[in-house]
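Listed after this line are the structures, all set down as structure tokens.
Shared between the two complexes below is subunit A, which has subunit B as its partner in the first and subunit C in the second.
Right, the complex of A and B next:
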């Protein structure tokens, strides 16, 4: 019974982690059809923001949850203004450009911080599920993911910005005829997606270890989850994270994390074979 | 909105177009279009497929760059502006194919229309729905689930929510059931009487264009070749003389 509780807790943590590492990519890809190959490096920058802030004595919660999205959001804004905005509608070019940015960021961070793994202290201890100890910080991950889901759904559904965003993604030319400036909306969306990547990097920093090439560990899973989720970004990412995270954690528990990743990949291949448009391409089409 | 007859002919036209050239890439479509639309005037442009009707409106709205010529709104040159800037300057656009946001509800489509115009959203939508009572039953439905005719009404209502100074109306009868065409005519006549709405319409439906337009311009091979009064436009034989393919 205790073990079941622990496994269930770990499964939920895995789902929350997968959602957090995916949602920034999902916002940018789902809304703008831009494949941001620098997504993993944006997460890495978020993690380094947390490391640097903690080193300078900033409150640990601010360093993990507040500064990374702000800093990486601003970096994303700069990247959009200087590179991405010239490449809208040219998918291959944006892939090349963002890949180049990712390599450049890895090189830059290696030069600045060295090619070593840095660590951020975990701000909270552990608690007990029966006979087993579980990390309280996992609850922080789960809470962050929940807040992100609710905030994004609220933003899209209830704010004027969300309405304009959805309209622009459906038909930017028509939105322009109603007075919307699509360039501004794209800029804001890219910054939002970057900020979410930064948040993921910051909140995962204490448990993942922070190194210049850490982004590579996440990017494949994030892409698979975005594709599995389909066109409804938040709901789709949530459902795909739920499915893939569940399979990954359960198989990892029974065997090893490597086999867990293999199982995740197999599940994704099967899912895309059955639902080429992702989960929300078939179900819950009107969700956000 | 005083319910009296249409306003007197103005001295400075609201929309003025001089020698407008445009096309797709290197293929020229418009070869020097000149026209003027006065405040409160309803001007129709009649032409066959391929004569440049939609191209003209797309160029006026800024989707296609003008390669030569000038466009001004109340004397202000707007030829170099983006569609966004033109919309903000008061140009309303109801495109061919209607371009409803399919995943937004009817109400959300109208809210998008209210971005411009400055009036409080709820009151503005209420007011516009008074002109389009048919839409009231569908407010929560996704725009993409409406029939073609209902989408056309929605596109028109959405445009009017932004209180445009001039409405560019691109073939509103295309693929629409006749009952709704009549409804659109009546609605536009009502709005024209009550508010002196300024409209530039391109159409090939003779009944529609003749019922609404004060003047009808003939667009042929990318240029305005003549003007006919609306009474003449009802006579297909005479119109064929004007609009014919040669």
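Right, the complex of A and C next:
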């Protein structure tokens, strides 16, 4: 019983982690059809923001949850203004450009911080599930993911910005004819997606090694999850994270992380075969 | 006025002497190093994923060569260091190895960090008959007349970790290791030593180097409830294991021993609460207080700055490799490969920062001192010292005196 509780807790943590690392990519890809190959590096920048802030004595919660999305959001804004906005509608060119940006960011961070593994202390301790110990920080991960889901849904559903944003994504020229500036909306969306990537990096910093090439460990999963989720960004990413995270954690626990990865990939291949448009391409098509 | 003249004459004399000296100096220098330089090739990763470890090894190589040159070189000839940065790329290892052997025609090669890189370049030096020293602690078993390994091997280190664990904590172990040849072979040694000591292994998990989430592994370990966890996890992503282990509150419950922990900069970058108490065993620690060891740390800091605080066994083994080779060259009176190998096989001993280091003729591995230590508030606390540790793992199958034609890596049989 205790063990079931522990494994269930791990599964929920795995799902939350997968959602966090994916949603930033999902926002940018789902809304703008831009494949941001620098997504992993945006996460890495978020993690380095957290490390630097903690080193300078900033409150740990501010350093993990507030500063990374702000800083990386601003960096995303700068990247959009200087590079991405010239490449809208040219998918291959944006891939090439963002790949270049990712290599550049790895090089820059290596030069600034050195090719070493940095760390942030975990701000909270552990708790007991029966006779097993589990990390309290995982609850922070789950909480952050939940807040991110609710906030995004609220933003898209209930605010004027969300309405304009959805309109622009559905038909940019019609939106422009009605007085919306698509350029501004794209800029804001890219910054939002970058900020979410930064948040993921910041909140994962205490439990992973922070190094210049850490993004590579996350990027493949994020892409698979976005593709599995389909066109409805928040719901799709949430459902795909739930499915893949569940399979990965459970199989990893029963066998080994290698088999867990294999199971995740098999599930993704099957899913794309059956539902080429992703989960929300067939079900819940009217969701967000 | 007269005063002035004398002073001018004096000044002239002085100037003349200085000028003569300047002209003569290169002449003396030329005479001292009349012959062709001896070429020492180095292949290490100064950048990329292994740059952290490699950078210090490159600095140590330069330090050792400078030290030899300052003492007049070898056989009256200076030593020229030809070093290439392999950038943590396997392809560059093969490429630069060929260049060193065929184009630069070096007399000896010191280098290679991962076991994979060693296996990539070893056949090249065998084929081109270029003497090769591998100076990294590794899984043991390389048996090749052309190759000399100076790093510690599992029988010298892991054996003591397991022994300490069996005596201190209990008989049930859980092994977590990196999923490549080092991790697999080291895990086999851990299993063998546990069984030999009357213990048992309740589980073994291997992790590819890009795994970052260890929650399922930590649950599995908790379910198996071992007395000790033995780790051979490698690299930046795997450092998350120690953090997640601490975060899950397991740190105080199940003790841990590791065969690689602390070789990088874990002690400076991780929180002491995460690192304290993890038992390790290597051929050298920077907190050793022997004069040679203190000298080495001071010398390196004088040359490369006071922030050189993360020196470890990889660096002193590199130093050992170069000193053993230098001693053999002196003894052989030549840099000819066969003569130097004969000299090394005569059982050469050098005194280095790591203590007394002897080249074992049978295995081409070193007989060296091993130390058991654990981190205590960012410093190594030495628990035990084991002098004259024999590379018994490699010796179990390898005898290069009897069978000089052997050329393979032996792995433990369970």
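In this section, the second predicted complex is superposed on the first by the 288 of 288 C-alpha atoms of A that agree within 3 Å, B and C clash if a C-alpha of one lies under 4 Å from a C-alpha of the other, contacts with A are read in each partner's own complex, and residues count from 1 in each chain.
As a convention for this text, a residue touches a chain if its C-beta (ideal position, glycine included) is under 8 Å from a C-beta of that chain, and two chains touch if they have at least 3 such contacts.
Everything numeric in this text was worked out from a predicted model, so none of it was measured.
Enquirer: Here subunit A is shared; do subunit B and subunit C fit on it together or clash?
Expert: With subunit A aligned, subunit B clears subunit C, so fit.
Enquirer: Looking at A:194, would you say it contacts subunit B, subunit C, both, or neither? Reply first, second, both or neither.
Expert: A:194 sits against neither subunit B nor subunit C.
Enquirer: Rounding in steps of 10 degrees, give the angle subunit B-subunit A-subunit C taken between C-alpha centres.
Expert: Taking subunit A as the apex, subunit B and subunit C sit 150 degrees apart.
Enquirer: Report for A:235: first if it touches subunit B alone, second if subunit C alone, otherwise both or neither.
Expert: Neither partner.
Enquirer: Counting touched residues of subunit A, say whether subunit B or subunit C comes out ahead.
Expert: Between subunit B and subunit C, C touches the greater number of residues in subunit A.
Enquirer: Touch test for A:137: subunit B only (first), subunit C only (second), both, or neither?
Expert: second
Enquirer: Let me test your reading of the model: by the given contact rule, A:13 touches which partner, first (subunit B), second (subunit C), both or neither?
Expert: Touch status of A:13: second partner only.
Enquirer: Under the stated touch criterion, which partner chain does A:36 make contact with: subunit B (first), subunit C (second), both, or neither?
Expert: Touch status of A:36: no partner.
Enquirer: So in the superposed three-chain picture, is A:164 touching just subunit B, just subunit C, both, or none of them (first/second/both/neither)?
Expert: A:164 sits against subunit B, while subunit C stays out of touch.
Enquirer: Does the superposition put A:177 against subunit B (first), subunit C (second), both, or neither?
Expert: First partner only, subunit B.
Enquirer: For the superposed arrangement, tell me the lowest C-alpha distance between subunit B and subunit C in Å.
Expert: It is 38 Å, taken between the nearest C-alpha atoms.
Enquirer: Where on subunit A do the contacts with subunit B and the contacts with subunit C coincide?
Expert: Overlap of subunit B and subunit C footprints on subunit A: empty.
Enquirer: Using the touch rule from the top, collect the residues of subunit A that touch subunit C in their complex.
Expert: Its residues touching subunit C are 3, 6-7, 10, 13-14, 17, 115-119, 121-122, 125-128, 132-138, 206-209, 211, 213-214, 216-218, 249, 252-253, 256-258, 260-261.
Enquirer: Which positions of subunit B touch subunit A when the two form their complex?
Expert: 61, 63, 82-84, 87-88, 92-93, 95, 99, 101-104, 108, 111-113, 115-116, 142, 158, 162
Enquirer: Using the touch definition up top, name the residues of subunit C that touch subunit A in the complex.
Expert: 47-49, 51-52, 179, 205-208, 210-213, 215-217, 219-220, 222-223, 236-240, 243-244, 246-250, 253, 264-266, 269-271, 273
Enquirer: Under the stated contact criterion, what part of subunit A meets subunit B in this complex?
Expert: 160, 163-164, 166-167, 170-171, 173-182, 286
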